[in-house]
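Questions regarding the structure given below will be posed in turn.
Chain IDs A, B and C follow the sequence of writing; residue 1 opens each chain.
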Amino acid sequence: MNNALIIGQYVPGESFVHRLDPRTKITVIFFFVFIVFLANSVISYSVLIVFALASMFTTRIQIRYILKGLTPVWFLIVFTFLLHLIVTNKGTVLIDIFGFSIYSGALIQGFAISIRFFLLILVTSLLTLTTTPIEITDAIEDMLHPLKRIRFPVHELALMMSISLRFIPTLMQETDKISKAQASRGVDFRTGPLRDRVKAVVPLLVPLFVSAFKRAEELAMAMEARGYQGGEGRTKLRELILGKRDYMVFILFIIVTALLFLTRNY
Amino acid sequence: MDITFNHVSYIYQKNTPFAHKAIADLSFYIPSGTFTAVIGHTGSGKSTLIQHLNGLVRPSEGEVTIGKYRLTNDEKPDNMKMLRNLVGVVFQYPEHQLFEETVKKDIAFGPKNFNVPEDEIENRVRDITTEVGLPEELLGRSPFELSGGQMRRVAIAGVLATKPKVLVLDEPTAGLDPRGQHEMMDMFYDMHQRQALTTILVTHSMEDAVKYADNVIILNDGTKYMEGKPEDVLTQREALHNVQLDVPEMVQFINAFSEKFEQKVPFRRQSEAELAREIRQVLKGAGKDE
Amino acid sequence: MRNKIVEFRNVSFRYGEEQPWVLKNCSFEIYENEAIAIIGHNGSGKSTIAKLMNGLLFPQEGEIIINNRPVTQDSIWEIRKDVGMVFQNPDNQFVGTTVQDDVAFGMENRGIERDEMVRRINDTLSAVGMQEYRLTEPHKLSGGQKQRVAIASVLAIFPQVLILDEATAMLDPRGRTEIMKTVTNVQEKRNLSLITITHDLQEVVEAERVIVMNAGEVWDEAAPRDIFAKKAELRKIGLDIPFVAALSDELWKAGVPINNEALNHEELLEELWISHSIT
């Protein structure tokens, strides 16, 4: 299967990180994005790295799998590093090749930025690796709840997301089915000039749209028959509860942040 | 065209944690011009079997031959299009594959892909429309305005218009009402005989297998469980029960009758009228004895 | 006398002014705890009846009364509590991302407390034999299993009427048997009128009463035995008759003296046995 598509695809598990409330995970990541930029010394970077790696090990997901999922990102990280190497001109000149001078400051800065970048992506992918899409949806709905006051359709948005998630596998199966049916009628999706291949997509897309619309229509009818009339007065089966675990993580995270402030500039 | 499966296995998502065998060591031979029914539960490997017949998938192990075309794991025919032209597949709910603006264009789509000349396509579309029982005035309409049954016929016409030599039917009557089902199966059977097609019907209906098939293949868990003439295979109650299939209702009745009246009435795929006359004979004969 | 639970009074329906009538002047009644089958060719108006019964559509003429309450825009939310419906396509009515979420959906809509929801999820899922799939995602279920979940979702609301609108049409024989067993089982245990819209003759034979639709009109309404006695007429309007009825008819034509009323193997064998003892 295509590896590029599985960046952070959910891996079922029972680890400490898996069992955290999704809101906790989202909050921590949100603030992590900011504190990453606090680090400016070897020690403060070490604090960040230790935190990120510790989180990674706690998920109990194979490290190889996590890193493999990041494959497409490596390119970006290397690219950022090289860019800094060329553009920045602080510090002493280390080497001089083909008229380009590489400065010591560039090396340090390039390294620092790449580490930040890597940590950000690693930590965010930990969220999606350990949280089902529906949990993320629940958390977003809950956290956006205050926006309801300004008439932001929070419930509708969350319902839309959860229904889309529900139908992704169905539509994938359907795509496979229709493309095979059209291939049997002589459509060639794989070879031939680009123009023909683009044209070959029409017999696939039209039936997919037609069927998606039909599904949507039937689903709407089924939902109505089951008494759906908007978010008003609804109760919820899925509930999010903050537990001891979550408070522990918050405290830990505050400590990490404090440490960062303390170790800055050292 | 003769079709052979020679120790065919097919593994989905090979070399991943999700790998599973859909077909395992499957072998059979279908002689040209015969009508074969393939029966089995969902998940018995029927749809994977079908996909081998026109090269949509290739066997992970073993070999499939369709006429002169040969498919193995690392070998495929140079001209896949020719193979797909020779083997017409009517998938389940084929109306889901309609996409053109008009019925006519949709029926012509397959022949066009297989490079049939324009005027020939014109003729074929007209002929096939009558054959599948669609009124000619529908040709200019959008297929999406038609009733479910009509859409089904358009989709089937689209497959038949490519003039296949092998016709593969995956539950072609699912969702139709009883009359629609009879009409459609009779249409296929008629075509099978007139054009000397090799027909493979995937079905859940024991009755259809009895009525139309020369041979029956029962699939279970991706392997061949039984194979033979309908009157031999579909009368084996125990064996079929083991894979949660039932014998046709007529067989059930004949068995119960034979037991109660202690006289064997053979199952020879007779019609209900024929069976009635046989029962009358038995009753008369029994009456005389007393 | 059983209570009337559904009543159609001279109901006519069409999808638009220019469109042909789908239902023409239909009247019938359905009683408490009754098992009804509605049959008819495709396009005969069967499914429209189902949609009219819980206010997914409204008739242009006539009146529909459910549980003493006329179906109107204002009463539909009450009506939909009384009338639960399982549709044909198992995929297009599964809303939740897991089995238990789907069963909860209808209850969430009605503001039922969470504890009560959990209790009812357990009850209804065991009633349809799906309790061990509580956390399973829909794409990992078979068609029959999805339809059983759909039945559980409806039962969780405690409806008085359960409509199966060709709910077995897209299933294989195993799935069909699963659903029929589930439904019989459920009907025995709960007070429920069951309306099965179907082409499956087995389902028809098991009903107490059959309503036959033809071209938008109620063609006939009687017990299965009486319906299947009209063999030639049924075939004329595009319907099938069960094997036993067909064979019985052929026997009768061949001059075997039987009643020609049998609906199952035992009955026909019994008739044959009697006729054979007489001669």
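Everything below uses one rule, namely that contacts are C-beta pairs under 8 Å (C-beta built on N, C-alpha and C of every residue); 3 or more make two chains touch, one makes a residue touch a chain.
Just so you know, these numbers come straight off a predicted model, no measurement behind them.
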| item | value |
| --- | --- |
| Farthest chain (mean CA position) relative to chain C | A |
| Between A-C and A-B, the pair with more C-beta contacts | A-C |
| Distance from chain C to chain B - Cα centre to Cα centre, in angstrom | 30 |
| Inter-centroid spacing, chain C versus chain A (mean Cα positions, whole Å) | 46 |
| Contact set on chain C toward chain A in their complex | 51, 54, 56, 77, 80-81, 84-85, 87, 89, 91-97, 100-101, 104-114, 117-118, 121, 137-139, 153-154, 157 |
| Partner chain B, residues of chain A touching it in the complex | 1, 174, 177-178, 180-188, 202-203, 206-207, 210-211 |
| Complex contacts: residues of chain A adjacent to chain C | 132, 134, 162-163, 165-166, 169-170, 173, 214-215, 218-219, 221-229, 233-239 |
| Sites on chain B touched by chain A in the complex | 13, 16, 51, 54, 56, 81, 84-85, 87-89, 91, 94, 96-99, 109-110, 112-114, 144, 158-159, 162 |
| Chain C to chain B touching residues, read off their complex | 41-43, 142-143, 169-170, 172-175, 199, 238-240, 243-244, 246-247, 250-251, 253-256, 265, 268-269, 272-273, 275-276, 279 |
